[in-house]
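Here you go, one structure.
Naming follows writing order (A, B, C and D), and every chain is counted from residue 1.
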Amino acid sequence: EQKVKMVNKLKLTLEWAGGSEMIFGNIRKRTVELSDEVLKGKDIRSLLKWLKADSGFLTHNPELFFSGDTVRPGILVVINDSDWELCNELDYQLQDGDYISFISTLHGG
Amino acid sequence: KNTKSNLAYLETIKRFSRQLILPEFGPSKQDILGSSAVLIVGCGGLGCPAAIYLAAAGISTLGLVDYDDVELSNLHRQILHTESSIGMSKAFSVKNAVKNLNSKVTCLTHTDSVTSSNIMEIIKKYDIVLDCTDNVATRYLLNDACFFLRIPLVSGAALRFEGQLTIYGLDNGPCYRCLYPVPPAPENVTNCSEGGVLGVVPGIIGTMQALEAIKVLCGIGEPCSGQMLIFDALTTKFRNIKVRNRSQNCQLCGSNPTINELIDYEAFCGARATDKDQNVSIL
Amino acid sequence: KNTKSNLAYLETIKRFSRQLILPEFGPSKQDILGSSAVLIVGCGGLGCPAAIYLAAAGISTLGLVDYDDVELSNLHRQILHTESSIGMSKAFSVKNAVKNLNSKVTCLTHTDSVTSSNIMEIIKKYDIVLDCTDNVATRYLLNDACFFLRIPLVSGAALRFEGQLTIYGLDNGPCYRCLYPVPPAPENVTNCSEGGVLGVVPGIIGTMQALEAIKVLCGIGEPCSGQMLIFDALTTKFRNIKVRNRSQNCQLCGSNPTINELIDYEAFCGARATDKDQNVSIL
Amino acid sequence: EQKVKMVNKLKLTLEWAGGSEMIFGNIRKRTVELSDEVLKGKDIRSLLKWLKADSGFLTHNPELFFSGDTVRPGILVVINDSDWELCNELDYQLQDGDYISFISTLHGG
C-alpha cells in the first residue's frame, strides 16, 4: 500500500501600492504558490511571517513594512478588494486565488 | 420683479444650462450648490482643481486655507497659480482665479496655519470640508474637528504616480481614525517635496474631490464613502476598495470615545503640520 | 556658459523639481516633454484641463484648435476661460491661461474649423493629437488624418455623468474606425448642449488625456491603448474594457484599405462638424 | 421510472451605459435568469432577440438600440470586460454568471 502525502498549494497574487512596493524590490505584483508546510496556519499571519522571513522579496529594513506580527500603521491590507478588517484580519483563512494588496496610505497633495 | 434681478436670474440659467438640463441635477440641485459653503484646506495640487471646478459649478462660498506662498516649484501641478503670483499667498492666488471664472463666488481666505485653537471657528461655517493637505498631522486635525461638528470630510491624496480618494464621517461611514488609529512613524511618511508627484495625479484626484463634494451636497449618486478609490497613473487603473465600517473601538467616533476634544496633533504624529519639512525628528 | 542660460537652467530644475525626482520620470523625460508638440483639438471641457496640465508639465509646444468663441454657458466646465474672455476666441483664451502659468510654452492657435482641406497641414507638426471635440464628424476626420501621418490620437469624451478615454492608432492598437466602422445615425448622437454634462466629468477625462499624452511621449507606464476606460461619476466607478485589436477588415488601417485619403466627413456622418447644432437632418 | 426534464438556467447581469440605459427604462443594471427555452441558441444573438421582443425592458423605439439582429452602430457590446469582437460577437456562447454591458459611445466634450 502506497501512502500519498497530499500537499495542498495555494496560489496567491500579492500586490504592493502607495510606496510599500519599494520595500519589496520595487515590484508591484507577484504571483506565488505556497504549500501548507510553508504557510502553517493558512492565514494572513503566516503569510506575513513568510514574507518577512522566507520570501526573499524584502530588500529594505523590515520595520518599514512590518510591526510585530502585523503590518505597520498606515498600511492597509486588502483581501480581494475588501479591507482586511472586514475579513478577520490576521486570522483570515487564505483561499486559492486570493488577491492580497498592501496599500501604503498617501499623504501628499 | 426688477430688471436687475431678472437679468441675474437669466444669467444664472444661461451659465449653468448644461447642468440644469441633467434630470438628476436640475434647478433644485443648482439651488443647493448656490447656497452651500465648501472649505478647501490646502491650495496646492489637490486644492486648485477642486476650487475651480466647485466655483464653475456654482458653489456659493469657498473657504480657501493655506499658510504658504506660491513658489516656482508649485507650478508643475498647482494650475491656478501663475508666474506673476509667485510670492503671493496661495489662498489669494486661488481666489483670483476663482473670481475670474465666477465672480459670484464668495471667497473667504485663511492664510494662517490651521491648528487645534483656530480650526473649529473656521470650519463651523461650512457644509463640507475638502482635505487637500500634504501632511499627517493636519489630516488627523481635520478628521477630529469635522467629526465634532458632524461635517463630512472629502479626503484626497497624491504621490508619485498614485492617488487615493475617500469620504470620512459621512452617515455611518468610518472616520480617518477608524482606518488609521495609530499615526505612521514620521520616517515612514513621504510628501510631494521628497517623493515627487506627476502633476496630473493630484489634478485627477482634486477634481474628483469636487465631484464628491457636489454629490454629497446635492444628494445625487453614491458618494465614495465606506470605500476608497485608488488610482495608478502608470497603468491608468482605478480600484474601489471596500473599507471597514465605523469602528466601535474608534477612539474618536466609537462607542466609548477617549478623544473628546482636539489634541496636539504635531505631538501625536511626531511631525510638523507643514508641507515643507515633514520628517522632523525632534519637536 | 553664460549667466542667462545658467539661470534658465536653474529655473527649469526648480520648476519641475517635483517630477524630476521621480525615478520613472527624471531629466531624460523632462527633456522629451521640453521638445514635444501636442495638438489639442477643441478648447472646451476636455481641452481646458488637458492644455493646462500639459503646459504645467513643461510641454514645448501646444497647438490650440477651436473655431468658437467663449460663451457664458461654457464657464460651468471650461475652466481656463473667464468672464472677461466671453466673446474672445477659445483658442486665444486658453493660450492666455497657459502663458500665465508657463510663459515658456509656445502656443499656436488655430481658429478656423478643421476640415479635410486644412487638417493635414496642421497636425503634421505635432507628435501627438488630443481629440477634445464634441462631434462625430471631427472624430472621424482626426482619426483618419492621424492614421495617415502615424500620429497617436488620445480620445476623450464626456456626457451627462459619464466619461470615456482611449488612445487610437498607437503601435498595434485599433483606430476609431476599427471600433466604429459605421457612424451612428445623427439622431442617435447627443452632445453636451443637448444632453448636458456635469462639469467635473470632462475635467477628469481631459486631465487623463494629458496624462496619457505624457505617458506616450515619454514612454512610461502602460498607455490606455487597446482598452477603453469608462467612468461613471454617479458611482465613482472606473472600468477598463479590453477592446478589439487593429482590425484586418478596417477600411482605413486594415489589410485592404479602401479609404486612402481624407473624405467628406460631414456627408459620411450626416451631421455637421460643429459642437453647436449636431442633429441637422438635411445637409 | 421518472423522467426529469432538466431546465438549464443562465444567470446574467446586464448593464447599460453611455445613454443606452435610457432606451430601457433608464435602469442601468439588471440581473436576469433565462432558461434554454427562452434563450434558444444560448448566444448573444438570442439574448438580443429576447431583449427586443420579450424582455419587457424596452421603453423606447427599438431602432434607438437595435439594427437588424444586432445593435446599432455606436454601441459597444462588452462581455465580462472584453469587447465582444474578441469573443465571437453574436455567436458568443453565454455562460452562467456572465456580465454583459451595452455601452453607447460618447461624443461630447
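Going forward, a residue touches a chain if its C-beta (ideal position, glycine included) is under 8 Å from a C-beta of that chain, and two chains touch if they have at least 3 such contacts.
Here the structure is a predicted model, which is why all the values come from computation and not from measurement.
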item	value
Graph distance between subunit A and subunit D, where chains that touch are linked	3
Where subunit B and subunit C are represented by their mean Cα positions, the distance between them in whole Å	28
Chain centre separation (subunit A, subunit B; CA means) in Å	32
Where subunit A and subunit C are represented by their mean Cα positions, the distance between them in whole Å	41
Residues of subunit C whose C-beta touches two or more other chains	160, 192, 195, 197, 240
Pairwise touch network: line, ring, star, complete, or other	line
Each pair of chains that touches, named by its two labels	A-B, B-C, C-D
Touching residues on subunit A, where the partner in the complex is subunit B	17-19, 64, 72-74, 76, 78, 81-83, 85-86, 101, 103, 105-109
Contact set on subunit B toward subunit A in their complex	42, 44-47, 132-136, 139, 156-160, 162-164, 179-185, 188-192, 195, 197, 202, 228, 230, 232, 239-245, 247, 275
For the subunit B and subunit C complex, residues of the former touching the latter	11, 14-22, 24-25, 49, 52-53, 56-58, 72-73, 75-77, 79, 81-84, 100-103, 160-161, 165, 192-201, 203-204, 207-208, 210-212, 214-215, 220-224, 227, 229, 233-238, 240
